[in-house]
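One chain, chain A, links the two complexes that follow: it is found with chain B in the first and with chain C in the second.
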Partner chain A sequence: MTQELEELVSLFRKGDTRALAKLITMCEESEDKARRIIDMLDVDTQRRAHIVGFAGAPGIGKSTLINRVIEEYRRRDLGVGVLAVDPTSPYTGGAVLGDRSRMNRHSVDPKVYIRSMGTRGQLGGLSRATRDAIRLLRAYGKDVIIVETTGTGQNEVDVARVSHTVVVVMMPNLGDTVQFIEAGPVEVADVFALNKADLVGADATMAELRSMVQLRFASNSWVPPIVKTIGTTGEGVKELVEWIEKHYKYLVETGELRQRERRAYLYEVVDLTKHRLSTLVDSEIGSDSHALEKIDFLDGSANPYKASDNFVKHLIERISGHTQQKL
Partner chain B sequence: MSQALDKPKQETRKIRVLVAKPGLDGHDRGVKVLARALSDAGMEVVYTGLHQTPSQIVGAAIQEDVDVIAISILSGAHMAIVPEVLRLLRENNAGDIAVLVGGIIPDEEAEELKKMGVYEVKGPGTPLSELVEIVKRAASARH
Partner chain C sequence: MTQELEELVSLFRKGDTRALAKLITMCEESEDKARRIIDMLDVDTQRRAHIVGFAGAPGIGKSTLINRVIEEYRRRDLGVGVLAVDPTSPYTGGAVLGDRSRMNRHSVDPKVYIRSMGTRGQLGGLSRATRDAIRLLRAYGKDVIIVETTGTGQNEVDVARVSHTVVVVMMPNLGDTVQFIEAGPVEVADVFALNKADLVGADATMAELRSMVQLRFASNSWVPPIVKTIGTTGEGVKELVEWIEKHYKYLVETGELRQRERRAYLYEVVDLTKHRLSTLVDSEIGSDSHALEKIDFLDGSANPYKASDNFVKHLIERISGHTQQKL
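Now for the complex of A and B:
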C-alpha cells in the first residue's frame, strides 16, 4: 500500500492524470488513506487556485452553465478542475452521476479535469472527500477549481465553507420573493446567475432578485451582482466569469481572502473531528445488537438523556485511555 | 491518547462505472435503464451523454477512475468505435479498465470484439441482474 502510494504520488507530481484520479478515489475510500496522501503531498499552500462554488436547485442548469464557464476560462488559457457532486442513494449506496454529460466535450482537453463524486452519506451538498479533492487539484496545478453542489436545496451552504466565490444559480419563475428572503444558498451568494434568461418571466424575476439583493446586501462592502445567463447558448457567461474574477480581486485587495481560507480551514478541523467522534460512536456499538443494549447504562429506566450522559462519559474514558474496554 | 480514535475505519471500495453512448444514434433508453440498475446495485455510475467520441470516452474513464466502461451502440458502428476505445485505453496506460459492449452486435463480430479484449458483449433482452453480475465480475477481476 505505501509503495503503491509513493509511486502514485510521484506520478502525480509529474502531472499524470490517472494518478490524480486514483488519489482522489483513495481519498473517497477512507479517511486513513486521505490522511496519508495529504501527509505525503505536504499540502503545498503556496500554490494558489481560485475555488468557485456553484449552488442552486436541481434542474436549474448548473452543469450546462459550468460547461460554458470552463470554455470561458480556457479562452483565458487557465487550467480548470471541476468537482461535480451528485447525491448518493441512502438506500442502495449507489448513485447516477449525470453532471458530466453536460460537459463531457471537455474530456479531451488536457488542461481540464472533471470528476463526478457521490455524496456518500454526507449532507449539505458536498461529499467528505471534496475538500481533499480540492487540495489535490490545487497541488496538481489547476488555476480554477469549480465545485458543483448536489442542488438539494436550501440547506446547501457547505459550499460557502470551501469556496472563495459562491455563484448561486437561479432561474425565472422559480418561487417568489418570499423564497428569496428565506434562509439558504441566497445568504452565501457572492454572485447571482439568473440562468435560462431567455424564458418568459425573466425580467420580472430579475426585478425581484434586484430588490432582494438591495434589501439583504445593501450594507455589505461587496454587493452581489446579478448576471443574466443562458447556459445552452453561452450568452452572459463572459460577463459572469468577469464578475467571478472581480470578486476574487476584491477578496485579495480587502484581505478577506486570507480570512475566508482561515475560516474554511477551521471548519474543516471541526467537521473532521465531528466525523471521527461519530465514527467512534458507531464503532463502539458495531453491528452487534447486544452492544446496542449496553448503551442503556440505566437498565431500562428509559431516560435517554441520562443514558446518553453515561455513554458520553464512557467515550471520554475510552479516548483518554482510562479504559481499553469496549462496551 | 489512546487508540480509540485511530482504529482502522471501514473501507468502502465502491465500483465505479462509465456508461457511454458513442456514435450517432440517440437511443439512450437502454443506457438509462442500465445506469439505474447499476446504481441500485450500489455502484457509482457516471453517464457521459450522447454522441461521444472514443477519445471523449477514454478521457472521461481516466478522469473518473472507473473500473468498467459500459458502451452502448445501436448504430452498427461498433467495429469502428470499440477497437479505437481499446487502443486509446492502452495508449493511455489504462488497458486494465474493463470494457463491456451492449447493443445490436452480430455473433461473429461479438467474438471478434472479445478477441480484441472486450470483457463481454451482450444484446437486447439480457436480464438486468445478469448485467449487474457481469459488471461486478469485470470490476473484481481488476483489483
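Now for the complex of A and C:
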C-alpha cells in the first residue's frame, strides 16, 4: 500500500482532485489508513483555511443557500470545499462519493469540491473521518471549508467544535421558532441566516430573532448579525458572506481563532483516545467464545465493579509491556 | 453515608420496598454509590430469578400486556419486578420513581415492584444503573424480573444481552411487518406475542410470522413459538407465560442459562471498563481552560494520531503510579 499511497500523495500535492477524493475515502475506510495519510502529509498547520459550519433543520433550503454561498466565494476567486455531514441522510457509511445532486452546478468547477461524509464509526461527536477530511482540504489548499449538518442539538455542537464560524440557518414560520431556539443551536451561532425571507411572516420571525439575540448575546464582544437571505434568487447572500468574513477577521484580531483551533484539536485528540481505548478493550476480549473463558479470570464473585478493576489493571500491564513477566 | 447505607441494606434484607427503591435511586445517582451497594450486598449469585425482556414498537399495547403477565405470575404466587427502560420516554434521567400509571393496578401488591429507569449516563447499550437494578431485584428475592424496552434495533439487542428470555411483541397490520422483521428484533426473539390478536388481519400477520420463523429458526434447537394475545381482555396470556416458563426450563436443561448469564456479565464488565477509561480521559483533561494548556504537552505538530499516542502513554504512566518519577 505504501507505494500506492506515495503516488496518491504526490498527485494530491499537484492538485489532483481524484487523489483528494481517494485519500478521503481511505480516511473513511480505517483509522490506520488515516493515520498513515496524516503522517505523510503533516502540512495541516502550514495552510490556513476558514472553516465555516452551516447548521439548521431540514427543509429550510440549506443546500440551495450553500450553493449561492459557493458562487459568492468563487466570485472572490476563493477555492471552496464542502463536507455534507447528515446523520439522517441515506448516504451514511461513506458510500457516496463526489457531488451531491443539489449542488451539482459546481461539479465542473475544479476550484470547488463537494462531498457527503458518512457518520459510521463515530464515537459520539463528529466522525473521525470528517475531521481528517477537513485536514486534507486544508492541506489541499482550499481557502474556505464548509461543513454542513442537519438537525438540532448535538449535531450543531459538534459542528461548532470544528468550525471557526457557525452559520445557523432559520426560516420564517417554522412554527416552533422559540422551541428551535431552546433546542440549542442558537448558542453556537456566530451568524444567523434567515432564509426564505420572501415568505409571509419573515418580519415577525426577524423580530423574534432580534429580541432573542439581544437577550442572549448582549454581553458578548461579538453579537451575531441576522442576515435575510433568499437561496433561490441569491438575495442577501453577498451580505451573508461579508458577515462570515467579518467574523473571521474578528477571530484573527482578538486571538480567538487560535483558541478555537486549539479547542477543536483537543476535542479531536480526546475522541481519538477514547475510541482507541474502547477498541483496546474489544480486542482484548476478542471473539465471544474466547471471552466467555476469560470471565473467571476477570472475577469469580459476580461483582462487575471488581471485575472491571481487574480488567483495567490487566489492560495496563498489557500495554505497558509487562504482560509477559507478570502473567 | 456508610451508616445510612448500612441501615438501608438492613431494611432491604428485611424486604422493605422503600429501601429497595432508595437503593436503585442511589445506583442511578452515581457509579461510586452503586459500587458500594453492590460490594455490600454481593448476594447476586446466590439468588435465582428469571429475567424476561419485552421488546417491541410503541403503540402495540406492551404495557397492557405486561400488566396481564404480572397478574398471571401473581396467580402462581411469584414475586415480580418490572424495569421499564424507554429511551424515548420523558422519564429519562431517573427522575420518576415508583409505579407507572398504566401499571398502577399492581401498586398496592407488595409482591410487585414496577419502576421506570432512566437512560442517562449510558455509554451505548443498556444503562449501568438498569443492570444494577436487575442485580438488586435478584438480591431482593424477586422470582421474575421483566425488562421492558421500546423501539427497534439496538434497544432489543441491549435487552437481549441481559435477559434469559426475550419476548418480542408484535401486532397485526403494523403495515411494515416485513420491515420490522428486517430491523432486527426478530433475531433475539425466544417467544413471539402477536398482541391485539382480535384485530382484522391477525390471521394474515400470523401466517407471515410463521413462515418467517420457519425460515430463520428452523435449524435452531429452540424454535420460538408465536402466541396470540389480547392484552385488554387477558386472552392468551396464560399460554404466553407457559411458553416463557418452558423456555426457561429449556435454558436450564441445555446449560444455555449459564452461558447467557456469563455473556451478560461479560458485556456488563466491558461496558463498565470502557466507561471507566472514558471517564479517566475526561478527568485527565479536566476543565477546558486547563486542557488548552495541555495541548502543547500532547503534541506540537497538529497530528492528532501522534498526540493520542502520547496521551495514552501519559494515562498509563499515570494509572501505573509511575507518574511522579517520570513527569
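Quick note on the criterion: the second predicted complex is superposed on the first by the 251 of 327 C-alpha atoms of A that agree within 3 Å, B and C clash if a C-alpha of one lies under 4 Å from a C-alpha of the other, contacts with A are read in each partner's own complex, and residues count from 1 in each chain.
Definition applied: a contact is a pair of C-beta atoms (placed from the backbone, for glycine too) under 8 Å apart; a residue touches a chain by one contact, two chains touch by 3 or more.
All figures in this text were calculated on a predicted structure; none of them were measured in a lab.
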With the two structures laid over each other on chain A, which partner does A:A307 touch: chain B (first), chain C (second), both, or neither?
second
When the two structures are overlaid on chain A, which partner does A:I114 contact: first (chain B), second (chain C), both, or neither?
first
Based on the superposed arrangement, let me know which partner A:R276 touches: chain B (first), chain C (second), both, or neither?
both
First, second, both or neither for A:S320, with chain B first and chain C second
both
Between chain B and chain C, whom does A:T254 touch in the aligned arrangement: first, second, both, or neither?
neither
Which partner does A:D39 reach: the first (chain B), the second (chain C), both, or neither?
second
Does chain B (first) or chain C (second) touch A:I24, or do both, or does neither?
first
According to the stated criteria, A:R263 is in contact with first (chain B), second (chain C), both, or neither; which is it?
second
Which positions of chain A sit in both the chain B and the chain C interface?
31, 276, 319-320
Under the stated contact criterion, what part of chain C meets chain A in this complex?
31, 34-35, 38-39, 42, 44-45, 131, 259, 262-263, 265-266, 268-270, 272-274, 276-278, 281-282, 285, 288, 291-292, 294-295, 298-299, 301-308, 311-312, 315-316, 319-320
Complex contact set, residues of chain B against chain A:
1-2, 4-5, 7-14, 16, 35-36, 38-49, 52-53, 55-57, 59-60, 62-65, 92-94
Chain A - residues contacting chain B, complex:
17-18, 21-22, 24-25, 28-32, 88-89, 92-98, 100-102, 104-105, 107-108, 113-116, 118, 120, 276, 279-280, 283, 318-321, 324
